[in-house]
């Protein structure tokens, strides 16, 4: 009797990923904030310092994962919010692809920046 | 969420004031979420100045940091992020079926802790100005 | 007795001139009775407390009621009086066209879920003494109003039907043999079986408003069967597929509004969350 | 206007109606249900107690039948009682197989508990909300089968042919008023119409019954020519909340709750109403004791006495009587943990009703009745707790099957005027029945006997009736109804005497005359509850008259019927069923035999004492 509801099997995967990324982000975001606002004050940040941090492979990987997780969590959240507002049909498809493209661009740009920040010193 | 029926001015009569804790939590979570995703894009854009070299990067960052408004916005950003994190933790517990009876209390607690952290961080953010 | 918005009165008069329908005359008489009812002289009447009701009125068919409005009724208050009692008094004494659903008066038929002072409650279950006065009474938000306080429940019933709200096990024992059920399992589904289909939860949920989200009541109904050990695995599997479809459990934003308004204290949000976890567990198996 | 055609039309969607519809559907009929509420709003949902069924080892349907006959004060018909007791186990298990959430034993089997008047703990239950579960479980099955439900469709009248003898008449359907739109619709039933419309509790001011319990089916069948049987037997429950009539379960007294009068006396003992059982005496005894106290000036506000359970301690109360706390707080504004609850007797159940045989069929062919609106009779002069729900499912199913054309055996109970054994001998103080020949409700129907034209002509007649009610510039039905309720409560309550009953008949006559002048003030055709209630009020008047007439005639004390000056059960004179037939507007009181002869034994009347 539920035939008129189209099945959307990725929904529970997205729901779960949203939670998993949330847990990851809570930890990393706290670390990020502490490091860049309390340990190093934002005003004192220079590319040299950034490069020093980014050159550590662990830090680099964490930041890239941080970026990917945050982008997924944020963009998926935005998409859910819009769906809950009742967006459906073509606008919904457009938004879905629009958001996907934006995510990919953001992640690509982020990784590119991170790579530049290593200054080629990544060990 | 569109109204299926227009009750005119009567429909909107006092609705917002009658929201319960859980609904406010939802509204604030959405709001802070939007702010954070907006910030994420901006943040990457700002950091992208690193591609144009050290001078540009350092100049941009220090230029921004020298603006009082930016410092205040940072406090706001912290508050937004802290709330989103705390309420997110609350929601994770709800997803696990824990503490559902205290869902309103945990929301109020998130608000209080957010406020405390935001106020407590003011000296750090505005310091060295 | 304060009365309707003034322009309604003039409208009614104009009507009476044009077409002297007996109903209009009777309504006018009633209004007069309302004006002169002893309850209106609150100041002179010291030992009788009156409660003021502000009641939503609308009728697509009746001139003067097409534009929604609020009518005031002053009802003598007695100890133990409920919102429904006051509405019945107002209808039987002042205005017999005041329309609302009600039947059992004891919170089991689920007919009289109303929006009372900004919250979904059963009229029969709500003591006037627990409310701030004047008491504002409206039909359930997010549902079409048929007339006055009566809303169209069709969508709610459709959502209930969408989860196959019936026991599906075909493999039942013969004759007088029962299917065994653990006490614990019965306890597990107990709260979910208490639903009286009043629609308060659905009306309180801003995700369900106007959309196709199954809504708390229907998901709770599905929960009642998913958790019932008497139904076998295949059926449970089918049910999980229904509730995790696009308009199913994932739409729940854990705002708890349904849980808060449920007149039978069903932990709706908890049930929905449990089904989310069931669904995820169920799918993890196939990864 | 639309004409709908189905094999079987079930009117009312409570326990009996749902069961009848499922049964007819399983017998292959095209069934439709027509109900003035949505099915899940039906008052079956308010039943708390349970379903009596001889299910377990050591129990036997014969014992259940014996208990029921004794409880009925020997006014039950043995063939009906035995049918009930024999079918109940199977029907109860059927509910389990449909997923009903019965309370369970440790081993996972359904629980049964003891109940008043039963020789074995055979009351199958689902918490204190058995009726709710039963109603929802059966509605679920209706949804599963895709049975057509016309909800919020008020059946105003039956479409019956108009032969002089009711036994020659045929019922071809009924007329429904679509409450939401104000449209009148005809329902043609080729197999039969099953009435399952519940009791007429609303004729009393103070009742545990829902506002919708106006006995519409009884009144319609009565005017169509089916006699109403044993209507004077009304069960009053001793503990209902005074402001709403909400039931406070017997469980409170079972756990040790105590009744006090306004002088702080435990009157059940101090005034000798029941020195052995005290508060736990049978329902009728306690109800009469409470009224005696109030009449003697020892009552509280609202004619109540106090039911105190505070001494049981908060822990025990929350553990076993939690719902009572909610009921008293929500509906009376009294916290029973802090103060005693005011209670008074309230109308609870109508033992009598539409005369039917064991297949639920009435003397009009094609017309069936089941549930509280019917009188098969299984409850006789007094219903045992836990026997109402099995009646719904047993006789609902039988009526449904029979209407669908299945052979359910030859009934032993004879119905209709031919069962008459003697005429009534009572002088009513006023004329009874129709006020004038052109009463808004015509009885009988029409000569042309094609089903469609019978329905169409009844439809025309009902359309006129609605138009007249809408156009009349008259008084409000609510005034008439409240006068009726007041006189019934004052004079036809737990205590009855000749003067009071005669006064009630005069008042009912007065209501009838004033009813000629009622008009509907709400001009709208959309959801006009004013109109529906106006029609219901007419139905209540008809039934109140039958009830009071039967009570006036019966000069004995049997079961729930107490008469001043006649304090004994009189089997010589009164071991017979009261029948009242509408008789085209001139009510006719007569009597029929009680069948005490069972399948393999005769139930000899014994003193009913517990």
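A few remarks follow.
When the chains are written out, they are named A, B, C and D in that same order, and each has its own residue count from 1.
The criterion applied here is as follows: a residue touches a chain if its C-beta (ideal position, glycine included) is under 8 Å from a C-beta of that chain, and two chains touch if they have at least 3 such contacts.
Predicted, not measured: the structure shown is a model, and the values here were computed from it.
Taking the CA centroid of chain B as reference, the farthest chain centroid is that of D. Each chain gets a centre from its C-alpha atoms; the one nearest the centre of all protein C-alpha atoms is C.
Between B-C and A-C, more C-beta contact pairs are found at B-C.
Centroid to centroid, with C-alpha atoms defining each point, chain B and chain D lie 61 Å apart.
One inter-chain figure worth recording: chain B and chain C are separated by 35 Å, centre to centre, where each centre is the mean of the chain's CA atoms.
One finds 66 Å separating the Cα centroids of chain A and chain D. One inter-chain figure worth recording: chain A and chain C are separated by 42 Å, centre to centre, where each centre is the mean of the chain's CA atoms. Residue numbers of chain A whose C-beta contacts span two or more other chains: 84, 86. For chain C, the set of residues that touch two or more other chains comprises 161, 164, 207, 210-211, 253, 276.
In summary, the structure contains touching chain pairs A-B, A-C, B-C, C-D.
Put simply, chain A touches chain B in their complex at residues 19, 22-23, 25-26, 29-30, 33, 37-38, 41-48, 50, 67, 70-71, 74-75, 77-78, 81, 84-86, 106, 109-110, 112-113, 116-117.
Of all residues in chain C, those touching chain A in their complex are 161-164, 207, 210-212, 241-242, 244-248, 250-251, 253, 276, 279-280, 283.
Remark: chain C residues 21-27, 30, 59-62, 78-82, 85, 91-92, 95-97, 99-111, 124-127, 129, 146-148, 150, 153, 157, 161, 164-167, 169, 172-173, 175-183, 186, 189-190, 193-194, 196-197, 225, 228, 230-231 touch chain D in the complex.
Residues 56, 58, 67-70, 118-119, 138, 141-145, 206-207, 209-211, 253-257, 259-260, 267, 269-270, 273-274, 276-277 of chain C are the ones that touch chain B when the two sit in their complex. Per the touch definition, chain B reaches chain A in the complex via residues 1-2, 30, 33-34, 36-37, 40-41, 44, 47-48, 50-51, 54, 57-58, 61-62, 65-66, 74, 78, 81, 85, 88-89, 92, 95, 121, 124-125, 127-129.
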